[in-house]
């Protein structure tokens, strides 16, 4: 990347760890790379993949990577444990993680889950979400059996080993299940008392944020351009993603198309610029996590994020 | 006495070194906590760990190891004594070892649901292989002269097997058993990722998801203890089962 | 009546170094035969052929009582005691294989242990025994097969004169009592003359034919006969067969 | 000839049975695809699999296994010959086997970054243990009488080690090596989850994540082939290295 | 001058069954001594004590040339050949340990192989050898240590008369040439009388003291002397020592 920058500008290397393997949600990053937006901003972006969904936060905090994609509640939890990370931008502004039941199930709202089994990936936040949703809907959260299903949310529900799953994303699990001929109903957490948190945020360490504001800004400017590009021409955006990935893994076009279609509205922020964050959102999320005992003491909402 | 002291000192030094290294090098505690922190959270959560999670993992390891030994020996015997079976079975057994869990776990869930048997299955899968290889090698190594002698006595293949090849393969079997006993703990841990609501593997994953490295390592500590305990148990059984093998060395060295 | 007929046997581990070439012999019922020959000439191999462990390359072996495996007591040159079995358990092995009741097997072993000079060692492991003691356990194990034909490969090689004589006497007695056939490999010509009806003198086929000597002395023979003229003459003759033109200095 | 035919028939029957079972029992294909489907997607993606992912995994396995053998033997020697070191080292080695990946992955990334060495580290960690146990047992099993004989010849401990204990431990070492070679493939697979952009483990995990079971099993198939190939390679080396061990059996059995 | 002095040695594997009780003896320079005794009486154990493999429970051993390990050639009763080494490699082992150049070591082995009747077997593995051949390789390995003192545990037990005689003669020659001291365990009293300067007759301490006999015949001795009166008398005397009131039938 260095040599074809052409303008003699020195490039700053920035490493970013994805929340998961590359998919439609990351197409704005790849578009930025492909179109040379990052180079224009003097950023040499390097994308990495995690071993575990928790690794990005730990590694960004310890300075092993500069940036990472993670989840808003995860950032709150980290900060509550003195792990020095801050959110820099909200990439997906609404929850993707929703409660899913088979379409032909007799469960018509979360309260019907009383006496049923819900599969989830042993993440405490999912436990809290189910409790809040069932409780708000007038059901008894104590009556819901939670089963850790590890990585296998989809097989768990499609082979009817559980009645519902929590932790699945509407742009991934739902799409894939439907593709395999297993349509699902989803219950939106926001409809049942869970705050409208940011599903995906860009995080960095407090130290990095303090020391490299310009670099972060440059990075984000390029990312914004990338996002604009994808928003304008989603199909081309996906083309880039596919091209970038063809050397490693054959993604499925129809799945990613559908996924991006779902994602784009959830990533756009209307009048505000892409990625902007509000203190209210942080406050609500912190409050909810405190109520559900996901964190033990209150943390400052405005310290949790920085704005460009 | 003196030796035990030396061991104690070494262990203390190691722990101290670890503690100092982490504090000195500012290794982030959420990545690798110092022993003191691990110890504190072990103290804090010991009831939960010892009474809820430990027994459940132990049970998986016990059942899994038992079945692994059974299956390992049976498979090894088939490999050694059935020629075609051996040529087909051995590669299958090897192949079974290389299947990553992501491919296996949906199948196991389909078969076993979230019962203990899915976890046991993974434990068995991981730990039966060292037993197979060692028993196969042990059985194949039997001295031909002894086999000949037993043949002249009119021994049937079955008798040669039980009275000669099995005792002769015991030392080798125990090498495999010690490996199996240790990796069975990993097996149960991984098995719990399949889906569980208790067990040290489940606990460690939750702790990691909760970014609680101290609790994570508290459970790792207990897992290691189980591993060491099982290993030592097997070693103890080994010494009891093949006294002729050890007695020989001991007596001749004592003098 | 012969218990075994070997007809035109040819055998060798390497093609250019045969051990037997078209060799024929017979072993009669209740006959005591010794096999002598130079070290490395193939005595142990002959025993293994008879025991049925090696198939002959040519020729065949005919047994009066059918198949040989499990019908012949074989004592190998190396003791081949199993290190995981005590003296008692090692000696009881053939009976165990034949399905003899365990207590009965133990009884028979314990009965013979004093005669074999192993009293008090029933629970010792092989590594706790001296070389000669191991040899005696191996011998004991062989005779406890209870078979009509015994193949003994240098059974008394590591024994002192007294122990050896005791064993010889015991063997002669049982052999007479149970009408067994014995083929005994030995390097001791006096032992061969003392015990045998016939002596096979083995040479390698490269060097010429093998010889057979009928021992003319009536039984029972006494060790004191060793110094008689006939005895010495016979020994002399065997030595000539054995060593051809070579000379014992 | 005949034996090979029988093997071929068995393999074909097995594949056929698998195919029919899945189609007959309506097992969801996204959980366990039939062999025909696996074969098709192997055909479709073979370039990617063979030229990009396979070499990268192979390299990890090769380096990892090499280091595992080195380290396994060194550790085993330390355990056997240093009494205190052994008492402390052996439990540490056992403990190392029971640490789940969730606890290990951030540490490894901290140390090794995203280079190949993190993956190699996991491969080594998983495969050195069987070697340690087997070599320790092999070294300890050396017949005391031989040691005594060599002592009377004035042999130094080093000479006893090289000329007696090492050759004597070889058969046991090879048992361990065969296990190690097989599990090193799993090691590399798991290692690639640490963060990789190529390799069969990486590929399989992504396929699983996208519910593309046919691709997943195509990579599993290749992983199994690597495992079997490595096992057979080690077996071949074994036969060459300890001819006295096999020759003995062969010659005596041939006749 | 004595090369070894044993002073008041006591040793036993079990407390109630001592093998030596306060036993003292000396071995002179260039002396040839035979050790005879009942099977299981402790001859091999004495050799191991002298070789320094077992420490005596009481008493001490004094060596003229300092420490014993690496200074004494020891031939164990079991051949203890290493199965992964060929005949050549097995025989060359002690020289390898002493750091003798490999080619030189091979040369020395190959030079002696014909004398030991092992020509053409240099590349054979132990399992391809007969019992007597293995014993000879073990003997060869022992003498190739090149040490001044040789401890030989029944070195000729599995050899036929001719081969045995050849080995005896060869041993006597080298012993004279190199002025070695030899301690030889044997069950063959004629062999002991033929070769030795002195004979130690061992009994278990439970049964009484041990005896020492000086062989009065001038050297070189001939096997033909075996039938002379003095020879037979001496043998008779040793037998009495050995077996006390027990009688050889």
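Residue numbering begins at 1 within each chain, and the chains themselves are lettered A, B, C, D and E in the order written.
In this text, a residue touches a chain if its C-beta (ideal position, glycine included) is under 8 Å from a C-beta of that chain, and two chains touch if they have at least 3 such contacts.
Being a predicted model, the structure only gives us computed values, none of them experimental.
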item: Mutual neighbours - chains that touch chain C and chain D alike; value: B, E
item: For chain C, the least number of touch steps when starting out from chain A; value: 2
item: Euclidean distance of C-alpha centroids - chain B vs chain E, Å; value: 50
item: Chain centre separation in whole Å, for chain D relative to chain B (CA means); value: 16
item: Whole-Å separation of chain centres (CA-atom averages), chain C against chain E; value: 27
item: Distance between chain centroids, defined by C-alpha means - chain A, chain B (Å); value: 38
item: For chain D, residues that touch 2 or more chains besides their own; value: 28, 31, 102, 106, 110, 145, 148, 205, 208-209, 245, 248, 251-252
item: Contacts with 2+ other chains: residues of chain E; value: 13, 78, 128
item: Residues of chain A whose C-beta touches two or more other chains; value: 52, 54, 58, 62, 151, 154-155, 159
item: Interfacial residue positions of chain E with respect to chain C in the complex; value: 13, 36-40, 42-44, 77-78, 117, 128-133, 136, 153-154, 157-165, 169, 187, 189, 223, 227, 239, 242-243, 246, 248-249
item: Residues of chain D defined as touching chain E within the complex; value: 145-146, 148-155, 159, 163-164, 167, 170, 242, 244-245, 247-248, 251-252
item: Residues of chain B defined as touching chain A within the complex; value: 28, 30-31, 102, 105-106, 109-110, 113-114, 192-197, 202, 205-206, 208-212
item: Chain A - residues contacting chain B, complex; value: 52-54, 57-58, 61-62, 74, 77-78, 81, 83, 119, 121-124, 146-152, 154-156, 159, 161
item: Chain B-touching residues of chain C, taken from the complex the two chains share; value: 48, 51-53, 69-74, 76, 78, 80, 82-85, 93-94, 96-98, 125, 127-128, 145
